[in-house]
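Here it is: the structure, laid out below.
Going in written order, the chains are labelled A, B, C and D, and every chain counts its residues from 1.
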Amino acid sequence: MIEKVLIANRGEIALRVIRTCKALGIKTVAVYSDEDYNSLHVKKADESYHIGEAAPAKSYLNQEKILDVMLSSGSDAVHPGYGFLSENDDFANLCEKNKINFIGPTAKSMNLCGDKMECKAAMLKAEVPTVPGSPGLVKDVEEATKIANDIGYPVLLKSVYGGGGRGIRLVNTDDELKTGFESVTGESIAAVGKSAIIVEKFLQKTRHIEYQMCRDKHGNAVHLFERECSIQRRNQKLIEQTPSPVVDQETRERIGELVVKAAEAVDYTNLGTAEFLRADSGDFYFIEINARLQVEHPISEMVSGLDFVKLQIDIANGEPLPFKQSDLKMNGYAIECRINAEDTFLDFAPSTGPVPDVTIPSGPSVRCDTYLYPGCTVSPFYDSLMAKLCTWGNTFEESRTRMLNALNDFYIQGVETSIPLYKTILESEEYKKGELSTDFLQRYNMIEKLKEDLKKEKEDKSEAALAAAIMHSEYFKSRVQSSTSNSSNWKNKLD
Amino acid sequence: MIEKVLIANRGEIALRVIRTCKALGIKTVAVYSDEDYNSLHVKKADESYHIGEAAPAKSYLNQEKILDVMLSSGSDAVHPGYGFLSENDDFANLCEKNKINFIGPTAKSMNLCGDKMECKAAMLKAEVPTVPGSPGLVKDVEEATKIANDIGYPVLLKSVYGGGGRGIRLVNTDDELKTGFESVTGESIAAVGKSAIIVEKFLQKTRHIEYQMCRDKHGNAVHLFERECSIQRRNQKLIEQTPSPVVDQETRERIGELVVKAAEAVDYTNLGTAEFLRADSGDFYFIEINARLQVEHPISEMVSGLDFVKLQIDIANGEPLPFKQSDLKMNGYAIECRINAEDTFLDFAPSTGPVPDVTIPSGPSVRCDTYLYPGCTVSPFYDSLMAKLCTWGNTFEESRTRMLNALNDFYIQGVETSIPLYKTILESEEYKKGELSTDFLQRYNMIEKLKEDLKKEKEDKSEAALAAAIMHSEYFKSRVQSSTSNSSNWKNKLD
Amino acid sequence: MDYKVQDVETAFDGEITENLGNNEYLIKINNNDHQIKILNMDAKGIEFLLNQKYHKAKYLENNTNEMNLVIDNVPITINMHTNLDEIVYKNSGGGGEGAAQLALKSQIPGKVVSIAVNEGDSINNGDVVCTLESMKMQVAVKAHKSGSIKSIKIKEGSSVAKGDLIAEIE
Amino acid sequence: MDYKVQDVETAFDGEITENLGNNEYLIKINNNDHQIKILNMDAKGIEFLLNQKYHKAKYLENNTNEMNLVIDNVPITINMHTNLDEIVYKNSGGGGEGAAQLALKSQIPGKVVSIAVNEGDSINNGDVVCTLESMKMQVAVKAHKSGSIKSIKIKEGSSVAKGDLIAEIE
């Protein structure tokens, strides 16, 4: 039985894991880099160990150092969160060898999922439909170009070690493919230290719909319903919701059965995600398995009522699933907005620095997973996700209006955030109607709409701003005047 | 259709109502006393009007002034919250006369519910069992004494205008009855401006179990399950939970049918609560109807998935209930802790003053309704409820451990709070086993247990406190020394 | 240096033994070594890891031989006497201190609703002296000792702050 | 006094017309009366009700004829010129300003991953000059004008702060 978990991660996901461990009476061990000594995960864990410099390669990706801490702290398990070492089969292997319970799939299964081509082959064998593309890894730009011309542009270049939208590029021509190949390689190496590329047909007006998979060590498998994550920028998810507006109960069950097959095909254990593209035709194509807890897991927790981190720990402990598929019911509607530190108008460029003040929204059916606190810092060394704001509603409209309320309540001083964009999106007719696609932002000119909204907001606030300005200039004057004149009917003109 | 609601209240409940109105696109009007100009409800409403001095009688109970604001602001409805004017049938009448939609029962029904004796008679007629006691109001101490001796001590003295544990006293002797009569009268007049008293048999080792009633203007009625509110001090609820550990589905339905009968018996419309005592024998006795939204409504929202304020507004708008009893399912377990500003060791005496800093807990399935913010003030003029901390869980154990986590995360600087007591209660074996009764605190010596817990906590923190003290004395020294010595292996002894 | 934590039986002996650099120190408490890493520190408070476990302390008033601090939200008073016998125990439940005093003070702020005694009355420990109203509650203020009412310092309808004198009992 | 809110078409004329006492004032904006009640105020900010509606402003830097403030979390710049023609429009999307300048500055902090040009190269508006890495993202810095690279101010592997000079293009 797991009694002490090292969390090989930082930020909101480290806090998320600590929270459930506390509720279960499991001790937690945090690790931190030079950049993170003031981070909340260090303060909330039972023990916290310094593991190196700010750069991920020197700390959160340093397997040997993390292993040292696991052994010296007497941790019997490790939770990798997402990103960093979470899908690194070498690390999973290292843990297995050192009798540390890795909370996630086996190294072998992870390796198979991570090898996008072998995974695809396994899916085809299990009769799970996949997207047309290269039959395996492409060796170089030349081979990629040949395949792209065979299946026809546009195509996607993907690093098999990527994830979360990094290490992926859409290219339309041979030239674009050439530069794209280089940057995908670069990003993948920067993020996880290695790179290998596949080519895939790019489907038009697609939705990104994914299923939460769940399989125990005894082979019992269920799906925990779908999430639609179509609203993206640069292939990274911005807003997720469950249920998907285009998945009815029949579809949910039909694709759900495929998902269970997919989990079996790669002998997957613990929680994971099977990602699909849904073409405009309604057809689903398997794209990949994310062999870890997903950023957007809270919305699935909200509609299933389950604590996924607890479920992960129970499965890692070898316990059989406490439910069958037929026991699971979807309850209500949930939305997640990823609150990123980025400047929408600078092509979503990162925005970093101190956050002197922050107000975290709360209220009925609002959940905010975040590492923010007044006085914290958003670091340039790690990703831009500051908070995951989730709302639940008995109806989609209720979850949407609760999200708008919560976005309005969310105040983050000091950095640019994606909050204004989300307000524009959530108030758009297209979003309300569920007309989603992975090119939603471009297709419906959301950035332009945001500009108009911000202009209108400025206009709406003009009189109040002016009033504030007038009182400010008058403030000092009246303090001077108050000593000479106390007339309660005092009149004064500024000019 | 309601388009603009005046909220005739303050504190967390005013914020609660504003929140739902915002989600529904309904404009909100706040009112505030001299004491409240810096309160959050003033800041969150669309419009805010000053209505008088700090004392409730001069502001939140000032019907004429509030009516003026309703009319001048163009409000078409009023939400009374709980306390203050919420169960004042004169006020409901005043609103009706001025074509203001009072979000609650009709003045007539409220009057009937408020007249505890008439209400009791109506229940007997509808075959809803009630507690033995005086057949009507008692005129004076002499009559009360006679009845008390007839039914036998101990008896409860209750002001029919009381509520929330105020205007209620347990007395065991003729002498106690005499002084109790005076203080109940006093408290009731102080709180709502009037008083009238009934006498009731006091049942031993009882549980307080109440049902959420819901009835529309067309006569459709349902119950929204029970809440157990047995953990009390001075007859005021401290901790509530749903479901009750002693209510199984058969009991839930059986008593639920009585609740629907009770609502019909007083022609109740909108949301209300039917309160019962459950004797150790398992018998339920109706005690009274709270003709308003209850403090502890959030836990019922959590297990039903419904927004009760929305439901209230829909019913006030004349809409029929969108569900039948058979559509309603209880989902999971919820607990509420009322975070009061009070000193447990001073017999729960109020603790007031500035709150320079506060950390409000959040996280999966945690909800905190509160008026607190860093820099706010807890006023001695109003009640001691600062926050309602609620947690939900898929199991009772999950909601309990989440509550413990949340209580640990809750930091309120400057005033004494009931948080430490709740930690002791939630960790007690009796609470875990659901062995609840209205005398829980005394029966299981919770105050003594709290003392032991606090002593142990101090012991646990001793080394850390000492370390902090040592570094503090060292801090100034080292600042002085650092200018003269920069040895990296500097050694120093304090003495 | 010797320390005594109020309400805790054991006495402590503590010192800094080594500066390890990089804001890390070795300290010794009752002959046991502990590692401290300071995360943040100023005159008002400190955040640190003690044996890898995070703690946050705020320093409140302190005088020569007593330090009041709040550690991880727990208020703690530390006496820094060398002679531990001199230490006065205080109980968080109130009670002990001042039992021999004349002054009956209010432990809460409130409005005086009624006064139950007159000057010169004799009174028993625990008898009600007056009733205060605060936060819609009526709270009885009871005599802290038996004796006779020497003087009453409040009037009906007036307000009292926490710590205000209610009456003198001798 | 005349005011101009940046990015907003209309100009405003505003003044305080009456002190109603009790922290309430009448003000006139473009000949319309408004009631202000100040809840809190100091040199750093103000909280007030304007026509019964709550607003909160923080005052940022301001000079003689420009005031920067954040009202209800919306940043607004107010020009207090009497001659409105002089007002320079600024667009929140960046863009306009400095297009005629030599200096290409970084709008984000980051690490220089690669440099795509050499000194003396000719370059078109929008061409990639270098690639920065920040928050695990690679972000291209593009030329703000066409011309030739006069000088490059960064090196591969070095860090740049927001506003640092990347290159000069003439």
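The rule we apply is simple: a residue touches a chain if its C-beta (ideal position, glycine included) is under 8 Å from a C-beta of that chain, and two chains touch if they have at least 3 such contacts.
Worth saying up front: this structure is predicted, and the values here are computed from it rather than measured.
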{"item": "Result of counting contacting C-beta pairs for A-C and B-C, higher pair", "value": "B-C"}
{"item": "Distance from subunit C to subunit B - Cα centre to Cα centre, in angstrom", "value": "30"}
{"item": "Centre-of-Cα separation between subunit C and subunit A, whole angstrom", "value": "48"}
{"item": "Computed distance of Cα centres, subunit D from subunit C, in Å", "value": "51"}
{"item": "Subunit A and subunit B, separation of their C-alpha mean positions in angstrom", "value": "38"}
{"item": "Residues of subunit A engaged with two or more neighbouring chains", "value": "none"}
{"item": "Residues of subunit C touching at least two other chains", "value": "53"}
{"item": "Those chain pairs that satisfy the touch definition", "value": "A-B, A-C, A-D, B-C, B-D"}
{"item": "Subunit C-touching residues of subunit A, taken from the complex the two chains share", "value": "37-38, 42-50, 73"}
{"item": "Residue numbers on subunit A that touch subunit B, as the complex places them", "value": "19, 22-25, 298, 301, 305-307, 310, 331-332, 360, 362-369, 394, 398, 401-402, 404-405"}
{"item": "Residues of subunit D defined as touching subunit B within the complex", "value": "37, 39-40, 47, 49, 51-54, 56"}
{"item": "Complex contacts: residues of subunit A adjacent to subunit D", "value": "166, 183, 186-187, 190-191, 234, 341, 343, 345-347, 349-352, 380-384, 411, 451, 454-455, 457-459, 461-472, 474-475, 478, 487-495"}
{"item": "Subunit D to subunit A touching residues, read off their complex", "value": "1, 3, 5-8, 10, 12, 14-19, 21, 25, 27, 29, 34, 36, 38, 41, 43, 46, 48, 50, 53, 55, 57, 59, 67, 69, 71-74, 76, 78, 80, 92-94, 107-110, 113, 131, 133-139"}
